[in-house]
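Please find the structures below.
Each of the next two complexes has chain A plus one more chain, namely chain B in the first and chain C in the second.
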Partner chain A sequence: MANTDLDSVEQYDAIGTSPDRSDAKSKATGRAVFIEDMHFRGMLYGKVLRSKFAHARILSIDTARAEKMPGVRGVVTGADIPVLHGEALKDDCFLARDKVRYRGEGVAAVAAVDEETAEEALSLIDVCYEELPAVFDPEEAIKPEAPLIHEQLGAYRHAPGIEPISGTNICNYFHLEKGDVDKGFAEADLIIEDKFTTGMQQHCTLETHCGICLIDDDNRLTLWATNDSPYRTRKEIADALKIPQINVRVICAPYIGGNFGGKGGLKAEAAAIALAWKIRNKPIRVLFTREEEFTSAIVRHPSVIYLKTGVKKDGAITARAVRMYFATGAYAEKGPTITRFGGVSGAGPYNIPNVKIEASCVYTNRQLSGAMRGYSGPQAAWAYESHMDNVACKLGIDPLEFRLRHVYTDGDTHASGQEIYSEGLKECLEKIGERMEWGKKSLGRNRGKGVACMERAVKTPFGSAAFVKVNEDGTVDLLSSTTEVGQGADTVLCQIVAEELGVPFDWVKKATPDTSTTPYDTSTTSSRSTFHMGNAAKAAAADAKGQILKLAAELLKTNADDLAIKGGNVYLKDNGGSSLSIAQVLGKHFGHSATVLGRGFYYPHLEVPVEYFSTHMIFWLLGAHGVEVEVNRQTGEVKILKVYAAMDVGKALHPSNCTAQLEGGVSMGLGFALYENFIFRGGDFLNPSLLDYKIPTALEMPEIEPIIVECAHEEGPYGAKGIGETTNVSLPPALANAIYDAVGVRIHELPITPEKILYALKQVSEKKTQQRADADPATVGNPFGGKK
Partner chain B sequence: MKTIMLTVNGEAYELAVAPNDMLLDVIRDKLDLTGAKKGCDTGACGACTVIMDGEPILSCMTLAVRCHGREITTIEGLAPRGELHPLQQAAIDHNAVQCGFCTPGWLLSAKALLDGNPHPSQEEVRTAIAGNLCRCTGYKKIEDAISAVAGRNQGVVKGKNRD
Partner chain C sequence: MSEACKTAFGEGPKAQIIAGGTDILPALKYRLKTPGILIDISSVPDLDTITYSEQEGLTVGALVTLRRLAAHKDVREKYPLLTQAALSVGSAQLQAMGTIGGNLCQDACCIYYNLPSVSRQGLDPCFKLGGGRCHAVQGSKICHATYSGDMAPALLALRACVTIADGTGENTIPLNELYSGRGEAPHVLEPGRILKGIQVPPPFHNVGIYVKMRIRKSIDYPLLGVAVNLLPNGKDGALKDILVGLTGVEKSPLLITPPDEIKDTYELEKQTEIMAQAARSKAHPIANTSGYSPRYRREMVSVYVRQGVLQALEIAAGRG
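Coming up: the complex of A and B.
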């Protein structure tokens, strides 16, 4: 189904060029408006009192003293808004009721004339708790004796396809089988088993979460927010408060200061809504502090993943079994669908005849885990790609060669049963191999090379809509609810409209998402916008263009089919000289009172029954990383010499934004691989600040070689797929594989700290000494019996 | 409250500030110069960077009362008459802007660097912006933008460079 001749035939004006981002100037001048720059007359400021216990019953809350404090306009607790919200599973409260389930959970909120007053009033609220036993580790939490975090799990409303197990801490169990794994393992000459784990990572968007909510006496709610998906949020609010969707208006801030999946759902919004539900007719702002970002927003799911692979001596893979645990924290958030996607991709992008995958989403008494760049891709790829090298090593086969032999290709069947199409993964690996001079160039002592690749599902099937308004002068407004979170969506969508309609790029402007004006979009997530909203915007532009051509055909007394638009001018295809501007066409027809409205809606149709988060995808995000490292054997420190980052984007609509995503993904992947982690001592969380939780600075960044692969998708706009979500995914295992190549140690737990490397080196050296003592020269220097 | 004199982007202000008011809050809330951002409020992210008497400072960690008589440049002062500073133009040309929340901060760190050292090495460029966290770009295009302006200072002509 790959449409490889798309780009060779067409000549584009806006597509495939890299115009200045439409938001670049306002951001470079500091004029871009973010939510913290927005103020409303009479606005109140909200602050949230947070639980100091990981798990405790709330015996009483006394707000009387806080309410009497001058400047305080109201105090709200869970009892004032006794409803549940959530996306796939509705288990979350606006403020805790009856018990708290993590340290940092909101227990009460205060609205006051300023933030200082609200903060001070929090100290006047008295809460009596009875502490309960807590559980933090997902494998502990699934034991029958573990404390139950949600007693009502069986009663919660949830989406189809989500399987909570009542009476346990498992809020979704996903299971997938292909072929017969027992038979596959029986046929194997060798079975290799591994366990891998990942820690917590936080999005660390430079802008923190914020919601400003106003609810009037008629239950009409307006929410201004740093939210990535206004329609999804509107639905969640309307469902929870049992009010019609038309009464909920979600308006995104003009610009959102970073997202990476972190700004979906109700975070700061929940407290703002709770306050506004009680204190009517006043806009109330809740802006998270940086500490709240760490304690009370969301994090990437910590995971424990077991892999078992059966192989023949010649390198054929006969079977793979995968068991995955995703720790979702105290509330499900997006955990159920993250687990589903992690499960679908658990065996990796390989053609394996017999596969069994089990994935569990497990409650713990930690902060919520949710969507974060890659969804569950980074955890899954960390495991299957570290494991692939381990398997290759055991077989004595080169790891890149081993991957190229097994990576699936068009016509193969995915573990989900879907036939693979538009696969550009092999090309990503081959290009990285070429650039790294794989197998040719040696880097020297204590240096090594590693590769890893990945697949990630794009959420399917979900719709997107767009309107195009052509103005009297021919300029164009694009109405779309895709949010500009830094990824460049505004720019690429305007490019698509400009291309399709035939107007200059800078004639097109995208409106700020607002559910009362911009049409439906499910979400700005999953790297779905270029493909889904791109198709909607393209269809809307084509619709508007058709109408303009029809009007022009009447004026020029010809057929619309004989006309085209370029540079904002309608011209006869046979005679480029005779042309009318769009403004002239509208003016001659309608005088000074004219517009043309185009509409577009895209929804992917698959040949499988419609499911909530289908296991068959309209496209797969595919990519690979190559890493060259040097390891210091004395300190355990890793110096990254160079990173090669490749993604199959289908068609690079804005090549510079593609490389920007590839580079940014390296930074986030490196942080996850090497140092980002939450440090806990029992229930206490020790590093909730950017001073103690380090993300990469300019000094940590290695040289990066971005590689764009274009394997066009026949249904994508101009062949495009997506990119931003997964440019971090395969970096950590590529790095671990390079470390193994350099010094022969395999790290199983992220992050790869110097301590872990030193410990592993020590173990290898002790093993060597032991082996020397045992006088068995055959395996000296090799912890796994392979090539090192 | 205490009265301080402050010159911001060339304009003189007489301001009444509380002893615990931070410079960031004063320029954002009292002067409506909202280009400087509050990303952490603990001096860790650099989004609040402004230039005081030629030096880049963290305005969220600077007490306003300590700024009496000082001269401040914010991002709004970089392009006073709608013209772009070469660094701003380079940020656009090199596609160094994504979400934009950190952009004013690193632009001011870069301006302070180039004002004092027109020919910085790449390492000096990286060190100058090491206090400005960016979660979007991976810093490569930011470094390219600053280096292009530094290169022009050296007479090296670097045009629009999009890979």
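Coming up: the complex of A and C.
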């Protein structure tokens, strides 16, 4: 789909430039205000008592001793707030009721005059448990004999399109079929099957979760939060407490210290709300410790994925069947929609005539899995992209060539049935191939190259609104509920308003989200803000501009169509000479009490009926990685020589921020690929700290070549799509494919550790030795593969 | 110093010594240790000096930070092994705060012990917490917490000694005698005895290297640390002498001295293999880290010793 707007050679003032981010200075100088800097008179501090069992019935909770402790202002348990909350499936309690379903679940909370007192009081709460059998593995959890984690699953309220299976641990089952897979497999010359698994990953944002809640006697609730999505949170709270949305005000802290999907839903907020529900008229703060981030916030869904592909000898893919299990932990959280997204893209961004995908979201007795950068993309891509190389290898076809042959291009039909448009994935792969000198330059012994690509849906269809408020002096406030979580949204949205309205970038300031003042936005997630809120902000700016031009036209006795605004001045298009500043236009009309209000709302309209989350998307996040590695055959260690990271962003509105996203994604992708791992023994979790949970440091960062691909989207602001969500997604399989290219071992389970490589190398060489010994009994093999 | 020793003696186990604080503060935060008082020795005079002479070798005060030690001209020139080991400790921030004395006295680590208090709830107290079991080696009668300092293997391989003050006087012992072999209390210093300084004998054409296995290039404790100190230029390119220090694989740091058979061998490869196997046989890593399996770590001991010898010889060759 061509964007006619973009075919013109229009010069932009703010778009496509990289001004200093609007948050850069305040963050670099330490002046930026985060929620921990916010203090209220009489504020109480809450702490949460957490379950020590993975699955247990709560027989009794005795809070009497804790309540009597000096400094304690109240203790709350699940019985005090007997309601359920959740996004797509309402199964979660504010504090556990009747039973606990994971180790680390909140059982009771204390509010006190300071954190130390609250923490000490926790030790005075006596809880009697009856331990129940627990289940941790998703494939174990779907067996008929597995302990049931939610007996009431069938009774929970849920969004349309979500299919919980009552009497099982499956809280959503998603399936999708295109063509006839049985026929496709029957036509195949070769069928290749693989199984891949991924583990947990935590966001490890610099700032931990926090909520400050105040509820008055009239059930009016105010929540100050680090939450990424104030309106979604407001709805979740109002639905749960059965109070009107107008009674719930969610105010975001000016800055949120990192998100990556982790700051959605009710986490620390849940405990703060539970306490405030009981202890009225006092702001109560709950701030998670780093340990709680690991045990009681959310993680990325562990997954088990089976792939089966049928191919012709010439490399044509005839069919693909995918079976996916996402372990969502003790409560559904965003599991049902993650499963849906993972399912839609489960077969990969490839034009395959016959596809069958089944994806199950499975409860286990672990901490909650939820949204995390990529939102099932990393799990799905790890499987389908490792599998693609495996299939290419079995066919003896170059893996990049194999991908280029099958990858979606405009006009293809997606597995979901949607016609593909604005697809820049092929260009991502081609550019990476060029930069890597694919097929030309060899890297030498024990070195290899790998590529992988990915697609991921943007959540569709969801709306965003914005107001543009033009001040007396011509400066502009942008009222939008998109949260600045470090991704750069404030800057990009201000750029859009500046461009559309014709004012300098630094005249525009975005307001801090507050549901009582900034207008509706569904969420700052899914890399949707630049596109959706960008469109809303652009429309609001255009509306304001239209009003200003109309006023100016009256003053200049001309038509508004003949006027334009640039640099904050209104001028006649064909005669640049005479001009009026925006302030003059307003002043001449209204004296000293002038304003212009622009409004914008964007909602993507699709041609298919939608019940909740569509399987047809307004755009796809598309990208690819190339990796060059060297493997040490003695130790199994991998040295990354270089990473190539490409994404189709539609149009780079702020190129240096796009590059930063590409680089940051490499760090998170590397962590998932090589280092990060939750260590469990039974129900116990052994590495809840940044010392023992290994996120990459600056020293782990390899050389990165960022590649921005711009395949403009007709409906995107200036052609832009999104980027931040998926810059990590295809890195792990690209790395695994490079390792295979270097030393011939295929790793199926993340993370890829040196010992997995070493023992896989030994297996390969033992197999070779055996083959050689079978052929020639006199041959003696060297355990490292015969070469030294 | 005598005031510090006497106070520590008087307070007994209630007191903990603090210098740079990089080892004790996380333990306090996790409530692994709940001392009644902390004795801050950072104001004790003359404990932050480094002196070197060709006759006496190197003397380092206990309060010298790792970063200062690493950067000292004589250390860089005469004992590059120490510079290298010091720069491999934790991160730059930890090196800037952490002292050499504190590093040698650092507590042993175990993934079942070094847990924040909430996550420890589900586990019965282990030996190291005063309880009656070891979670890492189930059924064991002793604590298996692993000594994980980076400086000790390097200093052991350099045959260093340490001076201990007790308030009335001081005595000097070989470094390996500082270690108890007990996971719950890895060094032998009783309350009232404080590590004062380290002496390293003069270098003698030896070459050293420290190779550290860890998941990340920064922050992490060693999953295995191998210090190799060797004397090259023996007959036919063989080694004249070699010492190997190990960390991260036992309850104490280990000094591996050459077995007798090595002296009868004039082949470098054989000598290396003998040392590699000697080191491997002494290493008993267990599943108590956030890193790799004991099987892999043990296998890597010999690989790392071989690597260390090769790298040290390269340095020697480069030095001419």
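Things worth noting here:
Note that in this section the second predicted complex is superposed on the first by the 770 of 788 C-alpha atoms of A that agree within 3 Å, B and C clash if a C-alpha of one lies under 4 Å from a C-alpha of the other, contacts with A are read in each partner's own complex, and residues count from 1 in each chain.
Basically, contacts are C-beta pairs under 8 Å (C-beta built on N, C-alpha and C of every residue); 3 or more make two chains touch, one makes a residue touch a chain.
Keep in mind it's a predicted model, so treat the numbers as computed, not measured.
Within the superposed three-chain model, A:103 lies in touch with chain C and out of touch with chain B [touch as defined at top]. Contacts of A:486 after superposition: chain B is touched, whereas chain C is not reached. Shared-chain residue A:701: touches chain B; no touch with chain C.
Using the contact criterion defined above for the overlaid structures, shared-chain residue A:24 touches chain B, although it does not reach chain C. Look at A:36: by the touch rule set out above, it reaches chain B but stays clear of chain C.
With both structures placed on the common chain, the touch criterion links A:256 to chain B but leaves chain C unconnected.
In the superposition on chain A, A:53 contacts chain C only, with no contact to chain B.
In the superposition on chain A, contact is made by A:683 with chain C only, not with chain B.
Of the two partner chains, chain B is the only one that A:655 touches; chain C does not reach it. Put chain B and chain C next to each other and count what each touches on chain A; the higher total goes to B.
Where the contact sets of chain A with chain B and with chain C meet, they give residues 289-290, 689, 691, 696-699. Chain A contributes residues 18, 20-21, 23-34, 36-37, 203-208, 255-260, 289-290, 485-488, 655-657, 659-660, 663-668, 689-691, 695-699, 701, 704, 706 to its touches with chain B in the complex. The touching residues of chain A, counted against chain C in their complex, run 50, 52-53, 103-104, 289-292, 295, 634-635, 675, 677, 679, 681, 683-689, 691-694, 696-700, 753-755, 758-759.
Here chain B touches chain A in the complex through residues 33-45, 47, 74-76, 78-79, 84, 88, 91-93, 95, 97-104, 107, 125-127, 129-143, 162-163, going by the rule given at the top.
Listing the residues of chain C that touch chain A in their complex gives 26, 91, 111-112, 114-116, 118-119, 121-123, 135, 215-220, 290, 292-293, 295-296, 299-300, 303, 307.
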